[in-house]
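Chain IDs A, B, C, D and E follow the sequence of writing; residue 1 opens each chain.
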Amino acid sequence: MVVSLISIILLCPLAAFAIFGLLGLANRRFPRQDYLSTIAMLVALVCSFLLLREVVPNPEPHTVNWISLGGVTFSMGFYLDSVTVIMLIVVTLVSSLVHIFSMGYMHGDPRYPRFFAYLSLFSFSMLFLVVSDNLLGIYIGWELVGLCSYLLIGFWFEKDSAANACKKAFLTTRVGDVGMFIGMMMLFTKFDTLSLYGEGGIFAQAAAQLSTADMVWLSIAGVLIFCGAIGKSAQMPLHTWLPDAMEGPTPVSALIHAATMVAAGVYLTARMFPILTETSSLVIAYVGGITALVAATIAIVRFDIKRVLAYSTISQLGYMMLAIGAGSYVAGLFHLTTHAFFKALLFLGSGSVIHAFHAMHHAHDDEHEHAHEHEHGEEHILGSEIPPDQDMRNMGGLRHKMPITFITMLIATLSISGVPFIFSGFWSKDKILAGVLGRAMEWSSVHHYILFIIALSAAGITAFYMFRLIFMTFFGEPRNQEMHDMAHESPKSMTVPLIVLAILSFPVVNTLWFNKDYVKPPPQPHLHAPQHAYLSPDSQTGGQGAALSLFGVSEAFAAEEEGGHGTHADDGHHGHGPAHTIAMVLSIIVAGLGIFFSWLFYHRRTLSAESVATTFRPIYNLFWHKYYFDEFYDGVLVALTVWKSRLFAQFDGSVVDGIVNGVGTVTRDILAAFVGIFDNRVVDGLVNRVAQVTWAVGGRVRRIQTGAIQTYLFVVLAGIVLLILIFRAL
Amino acid sequence: MESLKNIESLLYFSPEILLVIFAVAVVLLDLVVKDRESVAVAYLSLVGCFCTFAAVLFTHFSFGDEGPVSLFLGMIQLDAFSSFFKVLLLLATAATILFSLRSEELDARLKGEYYALLLAITLGMFLMASSTNLLMIFISLETVSLTSYILAGFLTHSPRSSEAAFKYITYGAVASGTMLFGLSLLFGMAGTGDLAQISGRLTELLAAGEIAPLAVLIAITFVLAGVGYKIASVPFHMWSPDVYEGAPIPITAFLSVASKSAGFALFIRFFYAGFGSTELMQAVDWPFMLAIVSALTMTVGNLAALPQQNVKRLLAYSSIAHGGYLLMGGVLLTSQGIGAILFYLVVYLFMNLGAFYVVVLIANEVGSEMVEGYRGLSSRAPLVAWAMVIFLVSLAGIPPFAGFFGKWLLFTAVLEQGYYWLALVGLLNSVVSLYYYARIVKAMFLEDAGEETDSVSFSTGTFALLSVFVIPTIFIGFLNIFYTFSNISVSVMPMQ
Amino acid sequence: MLLSLMIFIPLLGMVAVLLLPRESEELIKRATLLFTLIPLALAVYLFISYDRSNGGTQYVQGPVPWIDAFNIQYHIGIDGLSVTLLLLTALLGPICVIASWRNIEKGIKAYMALFLLLETGMLGFFAALDLFLFYVFFELTLLPMYFLIGVWGGPRREYAAIKFFLYTLFGSVLMLVAMIAVYLNSGDPGARTFDIPTLIALASTEGHALNNLNFQIWVFLGFFIGFAVKVPIFPFHTWLPDAHVEAPTAISVILAGILLKMGTYGLVRINMAMFPQGLDYFTNGIGFWGNSLALLGFINIVYGSFCALAQTDFKKLVAYSSIGHMGFVILGLAARNSEGITGAILQMFNHGVISAMLFLLVGVLYDRAHHREINGFGGLGSRMPVYTGITTLAFMASLGLPGLSGFVGEALSLLGAYDKFKMLTILSTIGIVVGAAYFLWTLQRVFLGTLNPKYEALPEINGREILTLVPLGILTIVLGVWPNFAIDMFRESVTNLINLL
Amino acid sequence: MEFTLKNFIFYGFALMTVGSALLVVTVRNIVHAAFSLMVTLFGVAGLYVFLQADFLAATQVIVYVGGILVLILFGVMMTSGRLEMRIHIERGQLLLGGVVSLALLMLLLTVIANTPAWKNLTDDGTELPPTTERIGELILNGPFLLPFEVVSVLLLVALIGAALISRKEVRD
Amino acid sequence: MTLQHYLVISAILFTLGIFAVLTRRNAISILMGIELILNSCNLNFAAFSRFMTPSTDISGQIIAIFGIVLAAAEAAVFLAIILAIYREFGSIRPDEVDTLKG
């Protein structure tokens, strides 16, 4: 049953892709494939729900041999536990909604069929990643979603910015993937398998075999695997691709770059939870925390509606990482699901807004092809200019024009900002904060409280910039009257998904996460024995709180504390009980502050954002320039290019191009040019030199042949004498 | 081994006698035939070759098959080794006669003398292959040399031909004079002219301290000068490019194949019968000397061939290089080494003569001996061009052509004796050689002919003759019989 | 017999083609196609009927005495590795003929005849079980290749052709020395042999002359250089870009698809199986020499990739990418474990398929635009969607996207190699990133962005071209999804090989 | 070594041979050189007499002096008759040639001096029977028949060849 | 009059012949040099025949006789070629006959 359901889930989108993908290549000769793709997705969704009932504790993976070698076997298989099912539901749900949304959004695009083919392929890959029971399968899905991301970001490849962005996305994530692959190699070398679950799986072996002496390499392996997540989930310092990825169509951003693919990094990290050592956890926590804060600060100053959301996504993903790094397995995954819905909603909402503005363009140009419309993006240097239909400074007052969009987006914003109790985001965020604080209390060093502070600040800033977005977009006076006049509410195909997602932004899914029998954090006992105890409260609170969370705060608190105490008689672990209370109070406060200031700045305008920006110019600049990450990458490049141009004057022409072409150019222009020259000059040159010398010697030998017979005779006789003398000496 | 008396030997000597008879007959026929265009003389000499061939087979299978027979009181020996060379030489002579028929260089009025001389030189080479006495060795060598000088200078109206003859004779006279001096020293030490006894005597005397190793060394080196000049090994090779370039093409072909083969026959017999004893080699490490000479020969030949523009001259250097490869086999005192030389000579005969035949054809039709003259040949005369490719590639020693198998045998023999450096030198040389062979191929295939693009047509006879060379060049290596043949032929040599 | 038939049918075809009149070009092409399709059918039959559960040599013919003087025999047979590569060879044959259908303008007869000769050489090479025969077939490919590049190649064809010829010959003479040395040490005079299975057995016989570390090291080196030129392994690789750039499309396909495999096949068949001690010396991970083979693999990967990154000529880029990809093969072989070797063999096969696709694709573009300057295109994606799609598939396969065949070989090679050469393997993964970089960058420069107005009217890829690409594309996907399809063939052979080591 | 007339004459011939040979290679006039060569050839013939090779000595005089030398003189007349008779010599060549020749001489002398087998073999002066008859016997009925016949072919070849090459250019 | 006397004379003649061949820029002088060389060889043979072989064995002498005959034949051909050279090049200086080279 499980296998067949999963197979259906996987095959539906795959079949949709295979059939329509090929036809799409051959230029849409098949009518209404968008419906079929969508239906395939909906079937998968239904099956996912059916799977909910199939979850059993401690499931065994269902595997087949994929590569069997003489000694080793690589199997492929499904592993179905509660987390898998939840992820399946999230993915199929969001994917289905995005499919529906796209029918409206992408309508009229010349490559409309292809878009659905890509979406189907993506859904398949993502689902494959989710259900895989082994690292190899995860890696395969991992790379395939990367491919889809590449194809979809570059969907309007006529735009140079899109072409650049998709390349950047693929390459940047690949850097992380390589780390992940190395990590896999390390695990494989140790355990001779890449399967995670089951008898001979990595986790079982790790639990059975590893001793404290193995912690160092295991930490390295863990961090390396996490590298994959850094790339995929756009964590620092590999986060720069995600904002650029907004060049893709907005539904893509919603599906891939908000809800699912980028979350796959979190999912992976969570999956690897049983082998994360303390060190690797710490690394994960800090990377996540810093990413959360930095991305949030950058988001404050963006004007491009999609980029605000992009940085917000990065920030939220950092949050999740932080949670998992801090050991709050359930909290991290919980936030993943809630975030998937409200962030998808935000993106789709922004898509709706953009779409409204598109319509205006349509009217203007009589040009009905998106592709052409997007060509104006050409002259943009990556991210430096904002397309007018995405610029929040052109918006304002849209709430009347687009009520549904406004309301749904507002719900999502409230959710992400952590407005208490009735929004899902509050609960998941609160759990993370509590987990981090609790963890910080357990760590021996005080320094790690900084993680909690970071998390808290990020929460506040998130509320601030999200409301900034809402205020700038939907409130106030229209800033661009012409555009405003043309704007309109989106068609049903787009608003329905918005509404569904809005419903999902209330804590409806939370039941799953609060059922302690349903989601259990895997143990890490052998790996960090000293601290493992603190993990149980997470599950305990999760479990007990589940039933209560729908009803009210106080019960939840109570349960949390109870659970904590119930499990741990040990005095050292008392901290987490109060931790939850503290965390919740503080989170409510910072969310309120964020919203309040946002209101002051962008609605009441009692405070001027500009004057603050002027006052804190350096900080503002730092934010505005995205902490100079792109500049840093490009700057290193330029320095090296200058050095290179001195070195290889003849390559001057490529310098200018090189600057534009981003990080890849560093390697291309410097290393590769050098290597290329080396290849031509040195390696080949050496060979040619040998040939020249041979030739020259040939010329010399030839010159002895003077044509004068007496020279010849001399050679003969001298030769005789020499031969005799030489051999006499021998 | 008892030597046969003079009269008893005559029957065994029938091939040589036939050659003389036909040589005289050719001259006489030439006197009778007035028609300048007549080819009767050439065909008579071909018939002569054929009769001689039959006689060689007859003598071999009647008498020589069972073991060596010493003739004329020890002057020459009839054995498988000499029979092998006689067949080889007759093939070369017959081919040269056919070439000469095609060649437009030669003066039609002098053809009687020309073919007679060819038969005479073949006689000399027969004797070179079978002599077992110092005097006979020298006389046969001189017969071949003198006739070669004349043939090289046969084009009386060509300064190049005269120059070739002049250089050839000057060089040859000095070399053979030096050799004769060496022979006199050998005679003086051994007290006999019989090759079979020399080795033993020298060994005894050396052991007794009666003669200094230096004396043997000088004698060997002087002898080497004479032999080396015949096989064009460094440093005795310098005549050959000039002579090959100046001589008529058929003669060049003949010299590069037949003369070299005969030289090797003499060399092998002389060195193995005369200097082959272990003690002698301890006193004078002549195999090592040969190894050095061999390495130098192929290197110099190949390097100097690189910049050549004249195909004849290029092939001259190439044949020097091949002399070097062949000498590798001579370095070793094993039957494999000698067998390899013999086998390679067979292969070399076909491929080198084939290449020269193409040169003859091109010289006739295109009027050029230069590499440029071969441009665009692939479109003008594709079959000839492909045949040339096969010859050249075989010369370069690339499978699956016979040249590879020949080199294979040589290298195997060399490596077996642990001369790794020599084998390596040889192999690297064959890589270098590919380069200049490829230049001709390049001209034929990769370059355009320029204005002249008409296809060149050849007669069926031409193609037939060409295929006579092409087919063996392709297939010899695949057939067992040639290996067996060459191995049997060396079995008579006194080996270690 | 079947095997012999398969090997020599192209030769027969050559004779047949030569006998056809020069003018009837269509007939010549059809005949050639026929004579390449027959081996393909036979190869498919062999592939299907090969007994997978037995890794030994099958369909053995011989040993038939050939040259008695050296105990040279006609002895052929196939094991799992050979049959895989034979299939590849036989598959690329007709594809190349079809690919040459229109764009060989002059001398089609000679071209086809040479091509058939080449095919015989390649097929024979993969089936030979006699060292001498092996060498003869190895060299037999040289000459046709020289002409095919030299006559029908691009502007610098002469240089490229002679360079290819000289390099390979240089390598093969060293190989020849090593081969003779093996022969001479294989027994007493009269009992010597060239028989590969016998030699392999002797080399592992205690106390035999072949079973000597010092000897094996030197002989290993000799063979290695011979094969290294062919693979090509840094620093013997510089012939490759030139040869590829100048060669006509179909010949590039053969060059990358098969000829390079001859080098690695030789490494497996001779260097690994016959000289396990020598192999051990170079791959035991101890000291410089113990890491040398892996080091070469690493250099190939990184160096090839960086060189590819620097190229602006489409074909040269693909050529350098081949160097990089062959590095994975070397790395995998150096690992000496089942993952590594299987990965290497898979990579050989996959690279054959993928690089063939890439070169065909470059050819398609070149036939239309008459240049290959990557920066000279732009935006072709909107003009030629099908072509773009197939190219993307090939690129993705080549850069090792999971789900496509390129990944499996690379991943297994690396997994295997990591076991032994941790640092080198980690460094080699740079190649994965750089590989992605140059392919994506090329994709961007050629297909993405705005359409270069020069190519407004560039025709889409046509049916004939698609026909050449489809079988390869299908193989790419099938092997990516179901690697066991190929691995089944040689699993047991690899096990046998490992048992020898 | 006792000083006898025989010895005196021997040394005379030796000196004559070597001295005139030295002249052959040093004088600048070709005719002088030719005549010096004649003296050398006579000297060698004399030495042959001392070696009791009477037939050889006679052959030397008849063939060499009577044949070859005359040929050489004809050659001189036909080629340099109207030109100056001076032989060109170049210093560098002289030096190199001298070095090589000297080296060779040293080598040969070393060998001669260091070969015990050749030492102390004094001509005991015993009179041997004339050789002519035995030579005839050996050549016509002995082992030297074959060389004799081959040489006759060789001479024929030389005859034809010399005639072919030296005759006036054939022009139509 | 020991063997060594003759050998020394012969060696000197040989060397002088070589010297002539190497240094005389006149074809006829070269021929003279060659004759010297051949003479020295013949002298060697005669001397060895006298001293090294039994006194009844005169094969050395006969070899010398053949040597003389061969020298004559060679000289004839040589001179013929010199004449041809003179005709073609107008000179018998060997250094001027050098169109074939390289």
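Note that a residue touches a chain if its C-beta (ideal position, glycine included) is under 8 Å from a C-beta of that chain, and two chains touch if they have at least 3 such contacts.
Just so it is clear, the model here is predicted, and its values are computed rather than measured.
Touching subunit C and subunit E together: A, B. The minimal number of chain-to-chain contact steps leading from subunit A to subunit E is 1.
The chain pair A-C and the chain pair B-E differ in C-beta contact count, and the higher one is A-C.
The chain with its C-alpha centre at the largest distance from the centre of subunit E is A. Among the chains present, the centre nearest to the common Cα mean is that of C.
Separating the CA-averaged centres of subunit B and subunit C is a span of 43 Å.
Centroids of subunit C and subunit D (each the mean of its C-alpha atoms) stand 71 Å apart.
The centroid of the Cα atoms in subunit D and the matching centroid in subunit E are 6 Å apart. Look at where the CA atoms of subunit A average out and do the same for subunit D: the two points lie 103 Å apart. Residues of subunit D found to touch two or more other chains are 93, 96-97, 100-101, 104, 107-108, 117-118, 143-144, 147, 151, 154, 157-158, 161-162, 164-165, 169. The set of subunit A residues that touch two or more partner chains comprises 702, 705, 707, 709-710, 713-714, 717-718, 720, 724. Counting partner chains per residue, subunit E shows two or more touched chains at residues 7, 14, 17-18, 21-23, 25, 27, 30-31, 47, 52, 59, 62, 66, 70, 73-74, 77, 81-82, 84, 87, 94-95, 97-102. Chains touching one another, given as pairs, are A-B, A-C, A-D, A-E, B-C, B-D, B-E, D-E. Residue ranges on subunit B touching subunit D, taken from their complex, read 6, 9, 20, 27, 71-76, 107, 109-110, 113, 116-117, 120, 123-124, 127, 133, 135-136, 139-140, 142-143, 146-147, 149-150, 153-154, 156-157, 162, 165, 185, 188-189, 205, 209-212, 214-215, 218.
Those residues of subunit B that touch subunit E in the shared complex are 134-135, 138-139, 142, 146, 149-150, 153, 156, 159-160, 162-167, 169-170, 173-174, 177-178, 180-181, 183-185, 187-189, 191-193, 241-242, 245-246, 307-308, 313. By the touch criterion stated above, subunit C contacts subunit B in their complex at residues 66-70, 107, 110, 135-136, 138-140, 142-143, 146-147, 150-151, 157-158, 161-162, 165-166, 169-170, 173-174, 176-177, 180-181, 183-184.
Residue ranges of subunit A in contact with subunit B, taken from their complex: 694-695, 697-699, 701-702, 704-705, 707, 709, 711-713, 715-720, 723-724, 727-728, 730. Subunit B makes touch with subunit C in their complex at residues 378-379, 382, 389, 393, 396, 398-400, 404-405, 408, 411-412, 415-416, 420, 423-424, 427-428, 430-431, 434-435, 438, 441-442, 445-447, 477-478, 480, 483-484, 487.
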